[in-house]
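Both complexes shown next keep subunit A, but they swap its partner, so subunit B is in the first and subunit C is in the second.
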Partner chain A sequence: MSENWLLKVQDLSVHFHSPRGVVHAVDNVSFEIKPGETLALVGETGCGKSVTARSILRLVPEPPGEYASGKILLSQDQDQSIEILSAPIKAVRAIRGERISMIFQDPGKALNPALTIGRQLAEVFGEHRMDMILENAGIEPDKASRADKMIAQQRASFLQIRLFSLLRSKKGKALQKSIDDAVARALADTGIPNPRKIMNSYPHELSGGMKQRVMIAQALACDPDLLIADEPTTALDVTIQARILELIQEMQKRRGMAVLYITHDLSLVREFADRVAVMYAGRIVETGPAVDVLASPQHPYTQGLLGAIPHRRTPRGQLAAIPGSVPQLVSPPAQCHFASRCKWAAEACKSVVPLLNSTETSRKVACLRFDTAEKLSVDIGDMPARAEMGEVAAE
Partner chain B sequence: MSSVSKQNKKSQQEKSRTTALSVKWARRREVALEVLRNPLTVIGLVIIFLFLMMAAFAPLLVEPNQPDPYQSPRDWSNIDAAPGVAGHILGTDSTGGDVLYGIIWGSRLSLQLSLTVVLFTLIFGTIVGSIAAMRGGKLDNLLMRIVDVFLSIPELIFALAIAAVLGPDFSNIILALAAVFWVKYARIIRGEIIRVKQADYVAAAKVLGDSQWNIYRKDVLPNAATPLIVQATLDMGNVVLIGATLSFIGLAQAGLTEWGALVSNGQSGLLAGEWWVSTFAGLAIVLWALAFNLVGDGLRDVLDPKTEGR
Partner chain C sequence: MSGTTGSLAANYGVETDAVVSLNDIKVHYPVKEGVLQRVAGQVRAVDGVDLTIPKGKTLGLVGESGCGKTTLGRVIAGLVSPTSGDIWMDLTVEQQRDVQRLRNQNEKDFSEQDRQLWKQLTTGNRLGSMSREKQREYRRNCQVVFQDAFSSLNPRQLVRDIVGRPLRVHQEASGEDLNRKVIELLERVGLGAEHMLRYPHQFSGGQRQRISIARALALNPAFVILDEPTSALDVSVQAQILNLLVELQADMGLTYLFITHDLGVVQHMSDNIAVMYLGQIVEYGPTDQVFDNPLHPYSKILRDSNPSLEGKRSDRDWELSGTVPNPIEPPHGCRLHPRCPVAAAGCGWSVDDVLNSAEEKTPIIFETITTVERRDDFNAEVKFRDAEAAKSFATQVKSSVANLALDRPPELKGESVKLSFNEVPDASIQQIQDGRWTSCTRTQELGALPGFEKDKA
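Presenting the complex of A and B:
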């Protein structure tokens, strides 16, 4: 591949039509993800990071949503790429799960409460991995008859028609075993103890961490090239957050997939992300290697974010905050959205939309005055590490 | 995985599979026990069971009338006989029809009526409501306005109008009720599907590349069906109530062993002190409706615990 990228988002704008006007949820966002890389999209609630992530899978409901402009390119074999926003829905469906997968914020809500864990996963394998199931049952996929496939499909389906099950053919048994094995292996892969027992449990019988592991097993069932993790640990106890993130990292290394973290947790960024993109009010304001951005943030917003994290040396009662609040995104004016809260704002900031400009190699910032802005240097060793935070919470 | 390790694991797997099966059955038993904990539900179930037995063994309980068993045999020598007279345990009506015979064979008609109507309306309503909710937009609007039109007319009056137009026949009562009852199911399932569609697990299924149909059958319907089950159980009773009303007015064939028609037959004798015809037939209707209502309420308490303490 000449250009080494897996996913490229170009000038993506997503609008929502509401009774009060057009909400510019995502505004000219561009970034790329390289194969195997970890990118973190950071920002506060409502800054458009989730909408950006969902756009990649074309999951934004239309209407009220609208992809106003931009392209999302996913590289394929032989220097080819597919544009997700204009592709036929069938092609998009083929990408979902197979090439790009996603895990959600609250695992308690992202599993079907009416099906056992085993059935939910079996459905995924029946849908995407029929060849593997047939092969493991001793049937060559190319030579499989329609009946074989139907039996396998039926075995993987949650609606087990009893009549079929009564015909206990050898093949049916082999297929059932093949499916069960695939599910058990996927669960065991994510570190779930006793997967055969978990398979027969319903989601409500599992703990949050366990459910998130099941979610990960389900999302990774088809070996995707990119995993989107939308705040994967927000709904979990602090003590298991680190373990889930380590699990994702381990799976990433083993499979060589890229991960896009959507998060507002900067300590997660520091430990798990290669690169970071900071979003504010629908725009990316700063990107660069995670270590560099966290060590010497260049955009005043990033500086404010990092300044708001309590440090060991921060005296009691002096927690910094960014003054003002996030602007309304209904028909926003053409200006720097951060200008009203920025202490270095000049007149120009209120009439020009700042573009992302390279400042150093591989770093970009969207600020007219980043040269003048006082550099805030954060001692990176000062930030509490995740493990420490876990200990603190456990105490 | 090598074949050796597979064999080693085999016994372990067999073991876990049998425990899995027993776990499944244990869970079902749990739900059943939960339902049975409510004594009212148990009473309802017992009454329903007795009615079913009555319908199933009707020919053994009383000799079927020839040629049409759904017409009471006429004992012209014992008109308006009081209960207990000459082998008529529950008495006879003004045309010599045996009341017990009418009630026993009438249970078959009630079962036929309620099962046909509930099954048809459940399926048809679910299809219409599902299409509306899954497709959304203009189609949803159109279908729901049609439902609104149906809902704007009271059930009983609407069914009465249809049955009257079609003419006095028991099968017309079934048709009329089916035409009226489906809208409720369409409404309920549409609301439930719209609620379930917001769930993250539906989004998760989309992320995995599932088709609309797959999402519907796997994620949406199983999580939206509970209120339908409860409503269907309640309607098993309601349908018979309204059906009896229609045949009471005379929209079934004359002389049919239908409970509503029996009540109607006995009505003229009430003032003359011949209370038994209307009372026993009416009691059958009440018991039937009551039983299904008790079970329906019990099911709702177990399946939908949020409405507890009403």
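Presenting the complex of A and C:
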């Protein structure tokens, strides 16, 4: 196994127990992320893309959530890997922020309104970068006394109890300066013009774009290998959206990290992602290089999504809308979930779960139109019309 | 080129009958301070908007959050009363001309005939001064579909009550007749009789928006205000709703005011668009022309930052710098100039712009400012704690675009710097090509969007 991957999700299923039954939010999802690449996970509301992302950091609350099956492997040094779902919680906490970090959709809700920006960021450094803080304050990390560490921890913590600092005010000051410098540097890195002023302000004093920059600074403080961006620009205006995405891209290039970019907006994918995985009703229905998938979508759902975006040339009132609505995911039947909305749907689509099949190099589609009757052992008359390989679906 | 100015620009080329005409609409919200709730300033949410909504067409109103587009929509619907300005209903082409002519005259100078005409217009067509029945008729005729179908439908009411309420309020129908009408309306928006006795929470987002639309259409209105009707929906559902809206417009001859921040949607839906920035309309024109050849830097930047499925985004040089200015004290001249990539000397630089840019770019120098003695917005003396800071502030001003707008070079005297800017009137929207209106003063001079010189950035 010399394959070069950073994160591997295998057959992940996440269920939620509700009074109405078991909701299959994520259903046998598998994908890989290579170091330094951007994978976009695209889908509509309720398709399970956010749950998938949260599972990677094991942030889905249990109960009502349940990791029903699957593995999430994060590669470590020397061809080893750690399985996140079964690892002890202490090991997972070491991964969070340090190796994988996350930006959330609404920066207004993700930041603590009662703390200044400086304090919130200091916490990250106190948790993960104690050695650096001590060193910058002129204390050798190996020789630091317990009291020194305590002071640093307290200075970085949002509680701000300063018992020890009273006794050793000189060291306390040096440590505080070291923490502040680290925070200011992290903020300046994301293009915030005057970090010192921002550090002393509360989240409500900042604009949406600025808050998202703070979130990015916080997420990237520890140089993670993977950044999960969960709809980072949905709450922002278009002019700011472009700048935030460019910032993420620039940081990615500079640090060589991988990005898992979760969005519902296909038009952003082309410019900001290398590969794309389209999700529908808890399953991945199509994956491949972003440019190829957008140019010639193979799954009927992807085709429908692209057709539904208002386009210069589409005459008014003739958008290719996908009829019907997303099916309920409470105890779903074993079938293609898109069958009820699909114009190609045939008998076999209602009895077989389509699996991801390679259609071209590096492209996969979960649609029976790309499968053969023998392989699925169904009657050939029940199969939907076969898709021509290399057929360009987008007219 | 018709060189019209000020509020006369209202009509944007009178060609068709108007459902609604706005004259110099302002909505200011007071900001109160202290124990005595003293009024400290006014948030200028909408600040001098002239707009005509032609009958049977779709007008798109685009802008970013906080630009006042929703407030303007609410003013038109009669949900917010404007601080000043007139709203006229159902004006014919001649009536619009009369209103324009009479508004520019002093009421004392009216001839007897004009006085009669003005009285007739204000009592017949002006919201606020027209008769009760007329007001009621307007309310029937003008309906709103709100952005969030989750909070605009009463969760305790059945769909029948929600959709049937306007009919009952206006005593159009009751009993069996009402049920029949509600079913008719539901079928019209793609729902059915089986949905009539359900509660809103039993529907998906797209279906709720359909219910909202059915409610808006209950009284057979001529004019519907669509306030971001699809921004809470997924693309595939959005397409369904947009198709439905177009179909209904063709069937019922509706006029739409489509308020949105999504440029793709507005391009698809509207005949004309008005671009709003900080409470004012900065560009108005036919949709295709505005997209192909924007005449205001802001429209161009909006267009270019909208992600598209095809092609690379073209001009990346054009970018807005800084953040949206405070709407309590909007910039002088053109409101975009402190952020504009092609701003020049005549764009309305004032003392506040220089101070704001110092605060953003060089906070260390900004913090050493002790007092600012201002004679007016264009002349002031800025005092610093030390001469060094004053000197670097002066050099900074000299190296910025604002320097070109200075009356004389900044006077450096010890710890203080004296600034004196050329006074510039506020920018007004003017027609520069047939049917194309822009408030960019440089475009108005050049007749086309100014070019971007890279070295200046």
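Details
Assume the second predicted complex is superposed on the first by the 359 of 395 C-alpha atoms of A that agree within 3 Å, B and C clash if a C-alpha of one lies under 4 Å from a C-alpha of the other, contacts with A are read in each partner's own complex, and residues count from 1 in each chain.
Heads up, the rule we're going with is that a residue touches a chain if its C-beta (ideal position, glycine included) is under 8 Å from a C-beta of that chain, and two chains touch if they have at least 3 such contacts.
Just so it is clear, the model here is predicted, and its values are computed rather than measured.
With the two structures aligned on subunit A, subunit B fits next to subunit C without clashing.
Touch criterion met: A:E98 reaches subunit B, while subunit C stays clear of it.
In the superposition on chain A, contact is made by A:M215 with subunit B only, not with subunit C. In the overlay built on the shared chain, the residue A:A68 is in contact with neither subunit B nor subunit C.
Residue contacts after overlaying the shared chain place A:M130 against neither subunit B nor subunit C.
After overlaying the two complexes on the shared chain, residue contacts for A:R196 are found with subunit B and with subunit C alike.
In the superposition on chain A, A:L268 makes contact with subunit C only, while subunit B stays out of contact range. In the superposition on chain A, A:L59 makes contact with subunit B only, while subunit C stays out of contact range.
Between subunit B and subunit C in the chain A overlay, the least Cα distance found is 5 Å.
Once the two complexes are overlaid on chain A, the subunit A residues touched by subunit B in the first and by subunit C in the second are 196-197. For subunit B in complex with subunit A, the residues that touch the partner chain are 13, 16-17, 19-20, 23-24, 199-201, 203-211, 214, 217-219, 222-223. Of all the residues in subunit C, the ones that touch subunit A in their complex are 64-65, 204-207, 234-240, 242-243, 246-247, 250, 261, 263-265, 267-269, 301-302, 305-309, 312-313, 319-320, 323-324, 359-361, 363. Across the complex, subunit A meets subunit B through its residues 57, 59, 93-98, 101-102, 104-106, 109-115, 123-124, 127-128, 158-159, 177, 180, 196-197, 199-200, 215, 218-219, 221-222.
Those residues of subunit A lying in contact with subunit C across their complex are 44-45, 193-194, 196-197, 207-210, 237-239, 241-243, 264-268, 270-271, 294, 304-312, 314, 316-323, 325-326.
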